[in-house]
Amino acid sequence: MPREAEPSLNERAFVVQALQEGLRLDGRAFDQFRGLDLKFGDHYGVADVTLGKTRVLANVSAEVTAPYIDRPFDGIFTITTELSPMASPAFEVNRPTETEVLLSRLLEKTVRRSNALDTESLCLIAGQKCWSIRVDLHVLSHDGNLIDGSCLAVVAALRHFRRPDTSIEGETLTVYTPAEREPVPLSWLHSPFCITFSFYGEEGEIMLLDATLLEEQLRVSSCIISLNKHGEICQIAKLGGTPVEAVSLIQCASAALTKGKELSTLLDQKLAEDSKRRDKGGLLAELSAENER
Amino acid sequence: MAQQTERIFVLPGDQINPSVIPSHPKRPLKLGPGLRHIPPSELLPTVAGQLVTDYKKNSIWVEYNGGRYIPAVGDLVIGTVARSVVDYYYVTLSDYTSNAALPQLAFEMATKKTRPQLNPGALVYARVTLANRHMDPELECVSATSGKAEGLGPLNGGMLYDISLGMARRLLMRKSVEEGKVVVLEELGSAGLAFETAVGRNGKMWVNSESTKTVLLVGRAVQETDEKNLDAEQQKKLVRKLVKEMS
Amino acid sequence: MPLDTSTYDLALLRVDGRRWNELRRLDGQIRTQAAADGSSYLEMGNTKVMCVVSGPSEDKRRGQTSASTATGSNAADVAVSVVVAGFSSVDRKKRGRGDKRIQELQTTISKALASNLHTHLYPRSTISISLNVLSQDGSLLAALINASTLALIDAGIPMTDYLVACTAGSTSSYAANDDRADPLVDLNNQEEQELPFLTMATLGATDKVAVLVCESRVQVSRLEGMMAAAADACKGVRDFLDQVIREKGHKMVTEGTIEKGASMAIEIDA
């Protein structure tokens, strides 16, 4: 199994030295993100997030299936992550690395367990038919901070997604094509965002946001906080690593809140831009046509 | 006599016009990277890029940017020591490729008793001495003829930057300013910064200086020049901007 | 099954009759397995775990190909495997080897211990820790961490300090934003289902946090109180672990069971 290429001793020493002098390799401030870009695809439910040289793509699809027997009133919601060798030669297909397991667990906890998507709304006929919403996450290029990027992509894709409209008359369930009825958005409760903190130094006293791959390899420990703009923590994961003072973790939480709000605003803005772009020929044109008659 | 090197774009497997191939009366024809000789007298490009000929040296090669580094004899490279075994260090030249072997005695003044001790992860500046297909390459840190290091050996301190293969080659040109169109290092030097660099053909650049800031600045300047493909004028502008930011 | 937390306000007693800062009954033993290098058994209330440590032993797999030793880190690997017994919880559930939740637990424990243990003393070797969960009743990760600390001490592997863990929760669910929400420590399964909680591992009696895992929705403002409660509880757990070790040591000295070789089990290279 190919291992991740490890940085040399010189790089290790230099990066830590530079951080102690308050400098980052790419000249960013410690709490500054790299250039973040979010694009939506032509279809509903495709989000492409670029964070510096890291790039992730999330795609949402929906189909009608039978619900799980033990949960007849809930729809099915799954997130699958794929870290292919395209992102880094250290990843192999069908053999999940530790990075992949932690990433999918984290998305699961952040988005699924925090009830960001109302799964009860996906139920069509209790115990018989429900929507199965599936998010496929592909990492196209890996230059650190996969988690923040992936989480944003998943949330953005889900909020962008529209599922076909349905109606029930008696026992018959009708699924309408987009031409018949405008597809409907998912019933979305809140948008969580992941913020990853990387710690450096003997005592973990230096704290970085949005670490690059090299910085990630050299950190002594990390802490991932997921929260929404209402200040609700959905998940905290500081999985081992050098112990960090409790006080600085609380500082992280408040820093994460500020950052989470920023991301939330960005996402809202991008979604609004996208719907504006789509509306040009769509609903507005339709409405005006009706008025003419 | 055509002094100026001519540039023709070639694709792998293209026919090369025989009139382009330099023919020196005495010297043998030298083939550079990206070309394959099929005896008796056919030359085939193996990569896409610009075909460059030098009539003076009677040599021909294909210039291309990107791809994985393939070692060639005589190349100067920066490697990371992966591990050491009896008499050899195994050195990584690029990620996810097989290691190159560096004999522990191939250092200046090295004897059985006084050979340098390198830990895994240490950087070395070395020359490729053996490069065959399907074989691990071999390196040396000493000139076999003079027994002098000639600048090769372990690199202490500093920072290693990844650059594209094309950029590394441009930086290593004897007249990097005229031919390679890289003025960024000269500009940085004339801006009053003191630093030293070593460029490896395998797409690595090592920068060292007394001040951390200078190292960061040099690294960023070169990487930006490389990524954005800046011309000489833009490079000068970039350097001025970065120096201003720093102070 | 919703838990009636409303009675808490009246009597300030939890469902099992504990006060907010009270730990459940702790019971620990070390050197339970004669064949292992180090072993322990720990009960935190009805959560029961066993831990067996073997090593540090030279790794045979690590030949030419592999190696985190290849560059940089010349330290021992900490390999953790967690096995959850099928009979450990109320409903019998089969958990496969590839269960991501278990894998996450393993990674967490391994990383937390690796930074606490002096692994650099054992280059090119592996310390393998196998944990068995016999009964689950909340605070599983905390119990696993505490049990591994005990077993590692039994194995005589040098470490910085005790790595101790405990859970802390907060009364009232995330939706209610009342200020009077009290923190609770050492939650049982019923409380874990109902309340937001976090697991925190600290280094001995300090406030240095090695592990902090929270999987439920909770207000940011609640975090500080919960962490403070957890830190206090960790100190209590530390005292308990210390007591277990000292008692065992005392017993071994008085019974004369310390053989000549036993005290020389580890030789730290000078």
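Just a few scattered comments:
Each chain gets a letter, A, B and C, in the order it is written, and its residues are counted from 1.
Quick note on the criterion: contacts are C-beta pairs under 8 Å (C-beta built on N, C-alpha and C of every residue); 3 or more make two chains touch, one makes a residue touch a chain.
Not measured: the values here are computed from a predicted model.
Ranked by how close its mean Cα position lies to the mean of all protein Cα atoms, the top chain is A.
Two chain pairs, A-C and A-B, are compared here, and A-C has more C-beta pairs in contact (counted per touch definition above). Seen from the Cα centre of chain A, the chain whose own Cα centre is farthest off is B. With each centre defined as the average position of its C-alpha atoms, the distance from chain B to chain C rounds to 52 Å. Remark: chain A and chain C have CA centroids separated by 30 Å (rounded to whole angstrom). Centre-to-centre separation between chain A and chain B, using Cα means, comes to 40 Å.
Counting partner chains per residue, chain C shows two or more touched chains at residues 70-72.
Among the residues of chain B, those in touch with two or more other chains are 80, 121. For chain A, the set of residues that touch two or more other chains comprises 6-9, 12. Listing the residues of chain A that touch chain B in their complex gives 2, 5-15, 17-18, 21, 23, 25-27, 89-90. Residues of chain C that touch chain A in their complex: 66, 68, 70-72, 100-101, 103-104, 107-116, 174, 198, 202-203, 206-221, 223-224, 227-228, 231.
Touching chain A in their complex are the following residues of chain B: 80, 92, 95-96, 119, 121-123, 155-160, 206, 212-213, 215-216, 219-220, 245. On the chain A side of its complex with chain C, the touching residues are 3, 6-9, 12, 98, 101-102, 104-105, 108-109, 113-115, 203, 220-221, 223, 227, 231-247, 249-250, 253-254, 257.
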